[in-house]
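Letters are used for the chains, namely A, B, C, D and E, taken in the order the chains are written, and counting of residues starts over at 1 for each.
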Amino acid sequence: MSMSPASQSHTADLETRDMLLNIGPAHPAMHGIIRIVAKLDGERIQEADVEIGYLHRAFEKMSETVDYNGVIPYTDRLNYVSPLINNMGYCMTVEKLLGITVPERCHYVRVILSEISRITDHLTCVGASAMELGAFTVFLYMIKAREFLWELVEKVTGARMTVSYCRVGGVKADLPEDFAEPCRKAFAETRKVLAESDGLLTRNRIFVDRMSGTGVISAEDAVSYGITGPFLRSTGADYDVRKDCPYAVYDRLPFDVPVGTRGDNMDRYLVRMEEMEQSMRIVERALIDIPRGPVQVNPGTGHPMPAAEMVDLGKVGNIVAIAGDSAVTCPTLEGSGRAEHPSIATNEKRVFLPPKEDTYGNIEGLMQQFKLVMFGHGVRPPRGEVYFPVEGANGELGFYVVSDGAGSPYRVRVRPPCFAIMSALSKILTGDMIADMIPTFGSVNMIGGELDR
Amino acid sequence: MEPGKPESTPEPEPFICSDGPVLSTRFKDPEGTWFEDYAADGGYLAARKALTSMTPEQVIDEVSKARLRGLGGAGFPTGRKWSFIPKQTTKPKYLVVNADEGEPGTFKDRYILERDPHALLEGIVIAAYAIGSHKAYVYIRGEYFRPAKRLQRAIDEAYSRSWLGKNIQGTGFDLDVVIHRGAGAYICGEETALLTSLEGGKGFPRIKPPFPAISGLFSCPTIVNNVETLACVPYILRHGAERFAGMGPDSQGGTRLFCLSGHVARPGVYEEPVGMTLRRLIERAGGVRNGNQLKAVIPGGISAKILRADEIDVAMDFNSLMAAGSMAGSGGVIVMDETTCMVEALHSAVRFFADESCGQCSPCREGTGWVHRIMRRITEGQGRLQDLDDLLAIASGMEGKTICVFADAAAWPIQSYITKFRAEFETFIRSGRTTRSLEVASCPS
Amino acid sequence: MPKLSIDGREVSVRDGTTVIQAAEKLGIFVPRYCYHPGLSIAGNCRICLVEVEKFPKLQIACNTPVTEGMVVHTNNEKAEGGRRVVLEFLLANHPLDCPVCDQSGECDLQNFYLNFGLYDPRFREQKVKKHKAVALGPHVMLDQERCILCSRCVRFTDEITKTGEFGIFNRGDHAELGIYPGSELNNRYSANVVDICPVGALTERDFRFKARVWYLSSAPTVCNGCAQGCNMDLHYVLDRPHLNDGARVVRVKPRYNPDVNQWWLCDEGRYGFGWIDRARLVKVLSRDGEVAAAWEQALAAIAGALKGGRIGVIASAQLTNEELFLIREIFWRALGAQVSASVPVKPGSCDDFLIQADKNPNTFGATLLGLAGPDAPTAAQIVDEALAGDLDVLWVMDHDLVELFGEEKVRGLSEKVGLFVFSGTNENATVPLAHWVLPSAAYVEKDGTFVNFKGRVQRIGRAFPPLQDSREDWRILLELAGKLGLPLDWQSPEKIFLALAKAAPPFEGLSYEAIGAQGVRVAVAP
Amino acid sequence: MAVRVVRRHELTFWEKIYIPQILCGLKITFTHFFRNLFLHTAHLVGRFKNVPASVTIQYPEELRPLMSRFRSRHRLTLREDHTPRCVGCMLCETVCPAKCITIVPAEHPDPNIEKYPIRFDIDLGVCVYCGYCVEVCPEDAIRMDTGILDVAAYSREAMRLDIHELMDPGLRKPVSRCNLKFPHKCGLNGGEMKGSWDAPRP
Amino acid sequence: MMEALVIKLVLAGIVFFAALNLAGFHTWVERKQSALIQDRIGANRADIFGFRLLGTLHGVADVIKMFTKEDIVPAGANKTLHTLAPFFSVFFALVAFAGIPFGDRLILGDRVIELQIAKIDAALLYIFAMLSLEAYGVILAGFASRNNYAILGGIRATAQLISYEIALGMSVLGVVMVYGTMDLAEVVRAQGRMIGGWLPLWGIVTQPVAFFIFVTAALAETKRLPFDLPEGESEIIGYFVEYSGMKFGMFFLTDFLETIVVASLSTTLFFGGWQIPYLMPDGFHFPWGGVLLVPNPIYVLLGVASFSIKGLIFCFVFMQLRWTLPRFRYDQLMSLGWKGLFPIAVVNVVVTAVALVFFGKAS
């Protein structure tokens, strides 16, 4: 690709001996989970043999051993930089299998958190690429911005990475009441950081030289490799699941799909930088459009009481004292109470846990809770199989779930976006210099968790 | 039936009708009408006629023609009921007299048992003859000490006069009558529960089918009749079915003992033709006490649906009342004037049902208790408007889903009180009123 | 044969069938609490309401006899609405006990709520308080609050055991289940009320808090407690050793077999599984029961002694037909040994329902194979011979000879006989006196068949592998045959059984498949 | 609005000769440098304390303010008499995707409580902090609100919290004496604990 | 003679002490400076008796760590060369300091002491020679490690150092031509004069283009970002991939020493070394006419301070660059060196030569 025939003959004339360089898995740029055996002619890569599988944790097999909601913590660990998108993808797949819909607010909540995740993912990807090119400062600025975003995530989900936030049929908790303000602040910080990073990189010739013309792939090749996401869009193809196969409420939110022109690392960098802006745009709009938050179920009558008290009263059958009241639960369960429940979860009792007040305060809720948790009871989609794609940070993240009607999935298959890219990596790398491997590999944004599953 | 009646109001002496054509003719003497007087009044003529000159089929036919209906509350045509007894069976057949008069607002059987027990005995003899039974049980409400004592005296007299026992009056017909005293359960007024109780079990109604006429007491064919129903039988045989039938509308013959209680000037037992309207009946009892405004009437014991003051132009026979959305039931007419608080009235009713549910079928067992607890909460001022809809839903949930009709009986008042006096209930709940004084007793409706 | 339609599907049933049975025939499940096919009909739970066309009200399916042309709907809106409201009533006073209730996981309230209920609860009153955790007898625990008064237990004690301990007391929502004052629920079938209790009101004291039911795995088997051969399901837990004191078998539940035990199981059989996990022999022991040895070594030594020796085998009617058949082939046919499975056991108690006096599950099988019965020698004869010094090798399977013949005699045996082999599952007084002790697998650890006292051959299934070093008897015998050079090359009980079916006339033409889950009658008891 | 091609201008001459862009970059880094230098200095003399000079948090002295929903180490909530609220329903043990919870229940003398755990272990070395246990607990008996993050130990065994540590989050290993009020005899006080994970399998 | 030796030894001691400590101090500066740039706090945990001293003790801790770490020589490596390489590196880096004048003549009584360890006429050449030799350390390390990465690093280093030395040399040529000497002390003195009486005649004024080329090439010599290709820690890890303990520490130290050398050299060549504008050996002579006389020791000390401060500022700027820029690629580096810097340097020499013809030498 970047190698002219002249240079090839030139090297051939020299009759240099090829060097076989084993890069990774214990290599700083290989994340410890990938190995590339490169045949080098000087600094040029003649052949690259990409070997994956170092982070294989049998996600798909493990999924078959747990119930449908038990898979969710595993999905956190697919693309661990943007776990919320994985959560969402998996849950929407199972919901499709079950044939249930979730409330609109729940969709919005999922979209908002997905987009925040997408930003964190791109920040990590761009930052890490820059760091591997030596621009450590940019990396730390981006990580700083990611920190602000993760605080948002933590505020909503109770964890930064291993969020386990979505549930089949809804999400664990509603957005906190004061979510818009910190979100605005975090975005302001993020924008500042993006501007600074832009200043440090985009027009810097060293960076541009490193990125331009390296890791080039044509749109045709990208499509035939099944590449999706920013990597595909950098080649000029405008495929984006959110646009082409809209899910949740993406069809109602305004955003652009940035595409590149040459399909090189620089394009991918630019596409990602632009996508972050677009994601912020989505979130900002979604926060305006999102249907109204929790409605008090029983205005005036219910008052909050400690969960323990509620349990004790329920235990002695004093339902009259607790009915309609809201429970002050463990703070980690904030946002999942009776008031929020209708807006964050489907009203399908066979799928979603009841609000804690029902668990504590009436036998029906308690039984529902037990039935959904006990082995062999739980969520039981009908026999069938579905595939559902969402736009992950790296491209189309698809889940294919087969149900045999039992409490655990019969089969869960993930279509991880970076898997397709990794298969093309060898081709992309060949002919580039060894140093180009770094930005190219960085722009793949390979995440071992989802690659090896 | 009215709860929370102020202590100061003196209990009026009940009026006992003694001029009725059929049932109350011998009610004059509070000490009771005994064999000689009864015989002198033409007593046992009908029985003699039946035993000597009629076949059982003719008796049943006559009763059918008289359009006599079960006056215990259900209103099932008596003749038809008797005809259900299988003819070919080798099992003994039983006649059971339901004298378990537990319906609040009803106290008519008591006067038959106390003042004219031989009318009942004669009816028993005729009925037993008609269905071929040689053993009759009288299941008397446990609280009816005096009636039981007097009935026993009458039975003893009848035995000594050979109107009971072996070979009655030389006709070759044997009949024993045994009194069984209940233990205070309202549900034992339900015929299958009564049978279970009679057998020595806990008073649980039984599932039907099989019906008692096929498999009743001790799994034998059994007819269960109310005291008043049987007390009508001698009149029918003596004066002919036409005369009896002529006293009422097309669907139902004869008269009834109506028990008027509550806020009427002269509460008591009145025998009137079943076609008489409720308004006339109340007027007959002197109208509403103290000249107060009439608010509501329960026409047939508290299980009957309540009628508003503007709905009382209705005849008191089974079909008319059913058409009016209530029921004739046991003939216990409870009159409520404007001082009555319907919420507390309903509370009182549901408390009764919660107490008396046998606890066998889940809807009734849990429903009555649940309703009672809601009503108690409402009367304690802790009600919510939602409760009213809940009550209606619970009531409709109880209705028609149980072995016996107790649950329906418990559901009807709830439904009728709340639908007919909803505004009053809502006001009560909104104001969270917990105490009731006479001055404010008349809840705005 | 009235023909009726249920949910649009036609079915013809016998006269007198109820709607619930007809629906079951079609595979339509109508929820039920009070209805139990083995008991009379009470019709009080009202959950089985269905809509029958032309009837104004919903009818209970359990007590509505089918009539020609009846049209029944079990899942239309009206029927579902009726059910839902009944369930709501049932749950109104139900305590919030799922966390502590052993029934959760197999509780019909839970199941039906999620299958048929799914309403939003409206109950917001004080629940009725009743007695909790009342021990009714040695095996059963009562929680009155959880009881839905379906009266199944009452009818069970009235109709099946005819002991009538249970009664329902009080009225209305204070009605409660109880046993009559002064009595105790201690009849021999008492724990069946736990099985038939659709909710958690009656729970097993033995199983109490041992494990949650959803942890349990289940394997079908046949009780080895007596010659009745009641069908049952063995419930065990392997992956949570912190529960149940590390024992694998947690409980036993009867399995329906119309020809043997119907729905029932006696308490003796139900609680007779303790030995499976306790005091087991798990190592091969050589002389004096002290030195652990390897199987290879033991079998080689035993085979050496068997060749050419005069042999006596006291087999056991606890063994499966397959194993008895192997014993017959190896010891009797090939080695000419004296083999007996008729061991003088003190007859246990019995009754006219399920419990048999013969406490061995396979005496009839042994008789059919000629190892017991009039033609076979008795164990006492073999012991006498051995004491007389006429035997070189004595092999005792499972039996505690000390208990049977006294310690002195057995000690004598141990000295007189050249090789005294004991194979069995558990420790007993004979074990220390044997020269070789071979640990064998319990019946739940192996496949095989038993023949019950009525001549019904039934399969026992392997629930889990044998403990530690112990092995199934058939495996021991096959390996021994290999050592002896006998051409027996069946590698599984199933193959052994096929050979057995060929060799023993009563089993002619049978296979495991033909026996099925419920067994097949092969002979008529004498 | 759907597709936007990202702009990509060729570098200008000045950009091509590195220096202006390097100076631009230096401007950004110097801005940060001097701003932070100034702020750090100012902080030393106690000024501008409310403007953070760095995003770093000086863990362990300084803890990151946790969001209220943050899932931290578990604890078992207590009844008023200092016995565990847990009734040993084992829902958490069941739902735990990491299978890190071990519960052994026993009979409680109070029939209204009926059941309680005599053994409740959480192996934090295995735990994934998903919070499912809290979510499914029907008794509000387990919570993840201790704010304890520094779960570290020298051995796998020490990562396993027993009921004492879970009931009293302040407690640290080794727990030598049981000072919690149990209705049963606790293993630590010389009593016997029924059921034991460590017991050899028969 | 003896006395001269003592003086030289003392001077050498002072310079090495200063250089080595400064190198150590550099690790702290690098940490703290990057922290400030990146909104962090930087190393601050090492303490003695609870005193953390803003993290300065981390250098000490590093040294202790490196000395106590296991020294590993890979199997199959050339042990001798593997051991020798770091010494080569650090030795030549240190020796280069000998040629750098860090102050004017100090007059102690009748003794005149040149503040320059080795008074070499062609000090510039000497330093360049030492810096070139230092490449051997890197090459040897890469070669001796028996590791493909190390070899790649070594080769890159070789090519890079050689390539940039050309540009470096060419850029300095202009300065040499302007000041007409290769004696650095003389170069510094030559920069003490003023143009028009107010603008110091520093190298930056006479040779601005050369300055940029020099700094760029010198940075490349130090193998630090954006020219850290021989290390390229995220791509080829570097020539020292197989080094541990203090041997690695020496490479580490060399980096900083080189930075200091380059900073000193830049100061000396382009920023007047120890010169302070308007400060003559006898005192300040301001262009607006003021005169402030200072005694000689003060004057010398001021010069040393001036030199140090200028050098440190250079170090600081180099560091700042390091945290600002990404890394070049090998071919880009080469083309920058050969196609960019070298021609410009040549042109610069030509232009300088022409200019000198017209304006005459600065000296």
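Keep in mind that, in the parts below, a residue touches a chain if its C-beta (ideal position, glycine included) is under 8 Å from a C-beta of that chain, and two chains touch if they have at least 3 such contacts.
If you're wondering where the values come from, they're calculated on a predicted model, not measured in any experiment.
The set of chains in contact with chain A as well as chain E comprises D. By C-beta contact pairs, the most connected chain pair is A-D. With centres defined as mean CA coordinates, chain E is found 118 Å away from chain B. Separation between the centroids of chain C and chain D, computed from CA atoms only, is 47 Å. Chain B and chain C have CA centres that are 55 Å apart. Within chain A, the positions touching two or more other chains are listed as 137, 144, 200, 204, 206, 315-316, 320, 360, 366, 369-370, 374-375.
Looking at chain C, residues 93, 96, 98-99, 104, 123, 125-126, 128, 212, 214-215 sit in touch with two or more other chains. Shared interface positions of chain B, defined as residues touching 2 or more other chains, are 373, 377.
For chain B in complex with chain C, the touching residues are 185, 187, 202, 207, 209, 354-363, 365-370, 373-374, 377, 390, 393-394, 396-398, 400-403. By the touch rule above, chain A contacts chain E in their complex via residues 19-22, 27-29, 43, 130-137, 140-141, 144, 200-201, 204, 206-207, 209-210, 433-438. Contact residues on chain C toward chain B in their complex (touch as defined above): 41-47, 49, 56-58, 60, 63, 65, 82, 85-86, 88-90, 92-93, 122-123, 125-126, 128, 148-149, 167-168, 170-175. The touching residues of chain D, when paired with chain A in their complex, are 1-8, 11, 15-18, 21-22, 24-25, 28-29, 55, 66-71, 77, 79, 85, 91, 94-95, 97-98, 112, 128-132, 134-136, 138-140, 143-145. Within the complex, the chain D residues that touch chain C are 87-91, 94, 102-107, 111-115, 119, 138-139, 194-197, 199-202.
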